[in-house]
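These notes open a run of structures that come right after.
Presented sequentially are two complexes of chain A, the first with chain B as partner and the second with chain C.
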Partner chain A sequence: MTLYSIYVFNRYGDTIYTKQWKRTSAVQHGEDGLVAGFVYTLQHISSQLSSTQAGGLRAVHTPLYKIHYSETMTGYRVALFTDNAMSTAVVQGALTELLKDVFIRTVTKNPSYRHEKGMLVTGTGFEDAMEALFRRKKLLT
Partner chain B sequence: MVVHLLWIINQSGQLITKTAFTSPDNIGELGANPDMQLTLSSVLFSTCGMSQQLTPNADPLDSACMTLVECEEHNIHVYETPTSVKFVLFSDNRTMECTNLFKELHALYAEFATKNPFHTVDDAGIGQPIRIPAFTEAIRTTVAKYQRM
Partner chain C sequence: MSSSAHTSTSAAQLGNAAFDNNVKMSAEFLALTYGALVQQMVEELTQEDAVEQVNQQLYNMGHRIGARLIEEYSVRSGAAPCRTFSQAAEGVALVGLRMFLGVSAEVAQVKDAADTFAISFQDNPLALFVELPDGPLREYLWYSNLLCGVITGALSLVGLQTEARFSRDKLRGDSKNEIILHFKGRERETFQVERN
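For the complex of A and B:
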């Protein structure tokens, strides 16, 4: 069970948080924009397939890695890169909790954070709480 | 396994085959507006390229096209041949694997399209749709073997 990287985007498409774990390749310049475009595109295709228009993207499998995706109604999106062994259901639960609890507690309720274009998540509050959540869910060792 | 739709996308990202197996209602806007499938198929082609670029591994040879997109209501399965032709299947969200079906469809493609002397692969760089009734019929027969409602 390996985590490679995580990206958090706001509704403007800005990358407000990113972190790398066990990556073996260097982060390409502009990679966060590529990830944002990638998950946005697949999320859009998914909603166009849905008969209720609400159907969302959950995961993308490749032979070498897997991307898990979750989003809020307010437009915050999370893309988590893992190895293939990670269960979609388990990671979906973790990402839902990340957005419902950790993000609200450490970012939304942070009086110094403004939900504006280009506003990055700073400080260690979010990161520490996120890693504690992932350890509790056994995603991170 | 419930298969709703099959696309075959050629090396240039053009949709050369689309075959629906269930009611258009099952695939939302793609069913209501079939012309949209031309656009979305090239978008999907681009996202395949992106998934290769995003590989978080060191070896640049170790990159591969995405194989499965899990959505809330559907799964999108992608199979890429060594010649870069992509087969895309839209299924229900419980179907996690359909390698055998893809291999049979690939064999049909080789048999009916590649071997057909009247099938034009591309015309001045523009991929040509496969308009071979026997191929369409063979696809339907093959998919019917796997369909389980």
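For the complex of A and C:
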């Protein structure tokens, strides 16, 4: 089981956090914007096609990799790229905990962070707490 | 009517559950801390009657607080995203105020205004030990104006443009506390990806 990369976007479409793990291709300039547009569009398509009000994007499966998605009520969105063996349910649980616990604890409650356009997640302890969570969930070794 | 009553009951139950599950702190500590804040703002006024400045400072501070509290509300209250102004007003009055302050509030739509709601409550934990002296403070100060800022700050982060203001305050001699919440509309979509 492999993690390739993660992106966190705010409600303005800014990439406020990103990290690469075991990806095999070079990072392309502007790639984060493409990921943002991709998951944003798919989330809207999924919601509108849903026959219940609980619909929405969970994961996209390709022949080579998988993109997992989760979001908050306030418009923070996370996209996690993994290999195809990653269980959607396990990753959903991890991303939910990432946004419900880690993000609130290290970002929202951090006085140095503000919910503004262009505000990046740096120096908040988010990365350490995120990786600790992923190790606990056995997503990272 | 039964549908509306059911919704109100659900929101109230969410509020009670969120309050019960929350880590508690001393109401006296919060009240005294807030009192010290307001008192310092008043003392720093260069003109005794420029009380509106304190109201504005409290509102601005509350707006920034609300922008963070909404995250905790969305996670810990279990409330679903609001789809109508009425649901949002109930979320504020029956869930949010209950969850964070233990307030038992009521919410009613203002007559002939589909986008305006009155949130009223008897006990105000922020004003636990407070008396306002006669004069400019009693006449112009909305002591708990921070709450109005919290409400609009929180709602702005879920895409709702609102105005909130106190219309009644027991500290001024009114029979109850009342906040008028006016929905100005939904924020246009802010998510925008720049092509590099």
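Convention: the second predicted complex is superposed on the first by the 137 of 141 C-alpha atoms of A that agree within 3 Å, B and C clash if a C-alpha of one lies under 4 Å from a C-alpha of the other, contacts with A are read in each partner's own complex, and residues count from 1 in each chain.
In the analysis below, contacts are C-beta pairs under 8 Å (C-beta built on N, C-alpha and C of every residue); 3 or more make two chains touch, one makes a residue touch a chain.
Note that the structure is predicted; figures quoted are calculated from it, not measured.
In the superposition on chain A, A:118 makes contact with neither chain B nor chain C.
For chain A, the partner with contacts to more residues, out of chain B and chain C, is B. When the two structures are aligned on the shared chain, A:49 is found in touch with chain B, with no touch to chain C. Using the contact criterion defined above for the overlaid structures, shared-chain residue A:37 touches chain B and also reaches chain C. In the superposition on chain A, contact is made by A:109 with chain C only, not with chain B. The interface of chain A with chain B overlaps its interface with chain C at residues 34, 37, 53. Those residues of chain C that touch chain A in the shared complex are 64, 67-68, 70-72, 74-75, 80-81, 157-159, 190-196. Put simply, chain A touches chain C in their complex at residues 9, 11-13, 29-30, 33-34, 36-37, 40, 53, 72-75, 99-100, 103-104, 108-109, 114-115. The part of chain A that touches chain B in the complex is made up of residues 4-5, 23-25, 28, 31, 34-35, 37-38, 41-42, 45-65, 67, 81, 88.
Partner chain A is touched in their complex by these residues of chain B: 25-30, 36, 40, 43-44, 46-47, 50-51, 53-58, 62-74, 76, 90.
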